[in-house]
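Below is a structure I'd like to ask you about.
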């Protein structure tokens, strides 16, 4: 069924909201400032409800089926965490309440920082960053501030070709020029590469670990040593932390700062593109630079402390995406030591898929992987079938496509991350679907070229959209 | 996408629930009584969530689109009422709490009875019946008790051919034999018909008003007089009350008892077949027979009173479907005097549809209707297209079919009830869809015979299901 | 009004088509002397006023965890996973009608088919229906069904006095207009039903026993069913706490012919007693005498599996005057909740949870006994039990309530000889410290 | 664990295929000296323990209606229709990822396209993006964008001192590692920005003004934009209370080039300050310099209308080292909430609601004035205003808090010369009696 755009519906005079009664006399706004109300459509409540019900029906979500989007950790988002976030004492809390009136929220932040430090093995944390990339930026601001405090101004930063895509942009916002560092043929970074590139103008390195090939950067300790010896700092993009909770403590392998994606590893819903949360955990050395305010404990009471002279300041109006923090906190409390089990299962499932699909899909790095594995479309080249064709066809089998054409270091990449919440049956079905598609690729390639066939729309003209943007209706 | 039956999924050892920790020592159950646990499948939480998410995707609901199911009043079910019913003070309330610990729930029941009496113009009410048919039964039990108190035993009851389907069964549960009363060519009951049938062995009449042809029983006062004069009682099936709120007070037109469907007129969700609620409102004469306990007010406090010597007793373990009462109460408070407006719009929309479809569908009773109108498939007979074929095709246009082959008095009936919450645009689209289908009926009848085409399954073999029942997997 | 989409322009256009001068004119077919001329006298609130009004009402009820409520007696406080209210609120599930049009109702239909199956497995029966209103009306209908099976030739049913008193009251109400008789079976000193008098009943159609019974005691269903069958009568069993069947033998395995009861414990909020769930099951051979809706499996035009409402011949639609069941709307959404619950808890989970419930109850019972309270019925119980408190406990009861503890319900109004006897319940939601506090208070 | 479906049988089978001896063996690629050998020291709770723990934490916050909170200052308490949390919780909306695969993400894509459009209409701008993190970071990015538009040649931005102090702090943080400069514009006695010094700034890239500003006063955006344009600079405006644009002129109509701010007021819970919604809009000609995601309209293979993420060339995926925006995850779900809110309230509703908010604020202002309090800034306000309370009000403030009234926030820590000045807010959620009580208490 189609559903028109909002402003193609409605009729003036309807209203989908209950307008409160006024119990005071009306005061007119100065003519000078008075404007026309915005040109919103007028809809009844049922119009609005049906509109968004229909919208939801055109979407795929984690509850719809397996969402093996590599590096995105689309695990199940527990409903109970939504309930906690909706508690009136949280949802209705004003951020500028005096501390004595917000002890519960402050305690939650204080404890969450503690738990994230326990998980990462770091010393201190900030919860302010509103997303992963925001966390990256925060980490770079911390590096900048720390180097400045040391009296240094460095203008470069090393970024491996297996790092996450946002890293260079985050670095450049802090005035760091990205210096690409190539991974070796094992898919990881060699200490030698870093040794060659690292110099005294380089602020440090931004390494994604496990990296975007799903491989653990096994030389990380040596790399960190090289960087540190040259006065640099080591940042870890923690988007892939779901592989190593309880297995690797980042604080003990030379990492100075790591951001976490609560909306990946800690199961908060992705919301069709946010809100997420990207807390940053740091070493003692970097702690003085963390954003303010910080939730601290004084006796039995919690308060917000601003008095950190070296702080980078603020990166959010208030304390970050608190509602997301609630969910992640609830998840951590629900999982406890099972966080390690989750990482184990995530890695088990990825290796299982890797082994099962290896016969039919080209595996560029044939070695044990972490929580995701990367294939390519090389075997399908003779049939002129691309990665895009194969994954579009997956939709017809009821699966969300994996991440594709990333990392850039692998041509035609297909990056599959099953996560810890998919059952073996689901994974087996996914494997079977992919095997069928590979078969179709040679036997009935037009099925793939025309895929998806059961969705609301067929393949969309993205080039036209960019060429002549229509961004507003 | 398919979704297996629950027990075709799962694997022993999974569990989709958080098992509470025990803080006491374990005690074993006597061997004599100890049994095996039921053979339920073991599923994880995400398995369960996905299963029912998929189930929901195979369903049509009021939020999906127009649901013009005649006599069912599928109006919009406001979300705010769900919120009220879920308040912990309601959802967690034990029914056997002492009255001093349940004043809020008792007050709600007390006030809801008052409001229902105001709307119907009756004197007293019981909220115990859990559904419309349960309300019918309750009313018949009241008639039986009242007649007994009068020292009479009557064993027949008049039921017009335009009454609701459940009426005869409800009557027969009380030992009343149904005597059919034919409607006249205007589609309503003639006083003469009733005068002929009514005698001293007849307990009274069960009239649906407005009746299932969507017509107001215009002779109701005279009919009531005839019945009363012969010592009988008049029951009104109030399933169609959505037509006449604030327009007709049943208490003033000779009705002795009326049941209401809170899940129709008062917007509580139908739940795929319940729970509903079927309160019964009665005259002063019938009040002493109402079920116990009754919520009464004593000073400023509310209590449950059992001391009614003539009561019929109980028809529910506790006080009926209280959670449904909450929703209806919330709806009434939200609407206030707009209840009359709702009836006006419901009737307006039905007449609008009647006039618009009259040229293409046979209208057996061509006169102003109430909240629904009844057509037939007579015009389509030459093309061998039936009511069933046409309404199945409506699904392909995104609409739920109307009620069909009911009332029985109209052959091939199509009973359309738009309700008060459908906008003119939706109604126009529905009209257009039906007009298209009528056109298809002569031009491309196979489209109708093969309809629906976009649903999860095509036409189902209901005969086979009944012939060799498979009721358990 | 946000629920009513009609603009004045819409109304004008529609009136024109309808051939009516104004809204009032639409009702011209209603005789003037039937018309109400005034205005409805009802309050009217905005969404925000309603919110505070309802919050105020809801706050006037004593609920866990603020209050410690030790009442069971047919309504049980169990934890409900957050997934269930979440899923049940999906509007395609909650706002659908009875699935008369199977092609766009496969969600409801498969769900209820699964409910029927899980319920049958829970009770150890062959077939369960799509639900009844509640435990009380289900029992009444079960007894009427038993009489129907016997072609109405046997007119007496024997009902245990340890069936929930309100269920018995409902049975009476349903039986009043009929010529069927109810004989009440007394109970024994151990808290179970005395079935020794059954032979004396001449035209016995059925025996009804509840297990666990109103005192929480587990009945010997096997004896009851054997005896009933020997007398050519049916054995009907009912229950108020189905969680018990995670631990104890199910009624089907003990020879019951019809099993019914209240399913609220399976994931449904207590909601001041409703909506709950009348579970109803029987042997296959009796299915055509069964009241209520049934979902059956079939195939579509392409041979694909699908589900439909079936055996509707028993119902009003087809043979109005001969219908044996008037049930239309049942408790569909509650049945769905319970199916979600049964699917979530699984075989492994229900055993564990039932055991925890048993452990809590046994702990409370033994602590009260240690504190000098009397436990009059020695029979094994599940989830609830009877305590005899010292004389004059009414005063203490009132005090406890002030301290936000509700120590069960007094039994005297239901069983006049059980003065100072209370029925107490402890589920998994009651903590050891809650129980210790109760015991301490009772002792003091 | 209910979230982890792996049975021991599954694990064994999968390990075998993976060629690993046990779970530990899977991590053999991690050098031993990188492995953590201990156990994570974390609490672990059942769903039920979590519920009571969280309820306990949540109960320690002062929220309406128990407390009367007269604070605005960037976070506003507005009524949110029950439909919005209901719809937003539909998991196809809430649990979807960024819509990289448009064919199965049309729901998200159309919704955000509609959000962009409604936002542009609200602000009177040509194009809005898919959202920024919040008002503060949006302002920082807006100023960086302005400098980008000027090709980085002009390095100074002038920011009004009446921009929310925390937003200014965030701008500083974003600017620290750059060589761009921030000049703060003082404010006038009427509570608006003094733009008289702008000419003196040599390389002015942009002027940033907030309206309504931090004191609630409505700025003269037209003058600011005229002046900025005369100086070949851009006019950036921000806001914290978009409901104002239901009543006052929108910034687009007053000549703003880039408009950004916090959209929390549009149907998003306050949640202790986040997640909120960075609204961000500009003129069309600047769209390729805009940070953040954009959804555009296009067609599919059959010519059917559809929506996609577009202009991604600005982003990291394509030219990593040249990306101008690092934004990936934004506040998509909050943007969706606000779209639902804007759709629900409509043109008719937003005017009415904004007027009610204005009325409440004016009432409170005049009552406080009558009670002898000073209103230092005479400019027209929307939703909040500054009051000068009598000296020593700190003690009274503490008393009021004990009485569950929170009379705004003290301004002194942000504006040291504004001792005893408080910023108070009154939205539609504050009743006349709440206000009368506040006035009474303040007076006493």
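For reference, chains read A, B, C and D in written order, and residue numbers begin at 1 within each chain.
Rule of thumb we're sticking to: a contact is a pair of C-beta atoms (placed from the backbone, for glycine too) under 8 Å apart; a residue touches a chain by one contact, two chains touch by 3 or more.
Please read these numbers as outputs of a predicted model, since none were measured by experiment.
S.K.: A-C versus B-C: which interface comes out with more C-beta contact pairs?
M.R.: Pair with more contacting C-beta pairs, A-C versus B-C: B-C.
S.K.: Find the geometric centre of each of chain B and chain D from their Cα atoms only, then give the gap between the two centres in Å, rounded to an integer.
M.R.: Taking the mean C-alpha position of each chain, the two centres sit 46 Å apart.
S.K.: Averaged over CA atoms, how far is the centre of chain A from the centre of chain D? Could you give it in whole Å?
M.R.: Computed value for the inter-centroid distance: 20 Å.
S.K.: In chain D, which residues are in touch with two or more of the other chains?
M.R.: Expected reply: 3-5, 10, 47-48, 79, 81-83, 86, 89-91, 429.
S.K.: By residue number and range, which residues of chain B touch two or more other chains?
M.R.: If we look for residues of chain B contacting two or more partner chains, we find 11-20, 44-47, 49, 53-54, 57, 62-64, 76, 78-80, 82-83, 334, 421-424.
S.K.: So what shape is it, when you link every pair of chains that touch: line, ring, star, complete or other?
M.R.: complete
S.K.: Would you pull the chain C residues touching chain D in the complex into a rising list?
M.R.: 47-48, 52, 65, 79, 81-82, 86, 89-90, 429
S.K.: Which residues, counting only chain A, touch chain B once they are in their complex?
M.R.: 1, 9, 11, 14, 18, 44-47, 49-50, 53-54, 57, 62-65, 76, 78-79, 334, 398, 421-425
S.K.: Please name which positions on chain A make contact with chain C in the complex.
M.R.: Spelled out, the residues of chain A in touch with chain C are 11-21, 44-47, 49, 53, 78-80, 82-83.
S.K.: Once bound in the complex, which stretches of chain C touch chain A?
M.R.: Per the stated touch rule, the residues are 2-5, 7-10, 46-49, 81-83, 86, 91.
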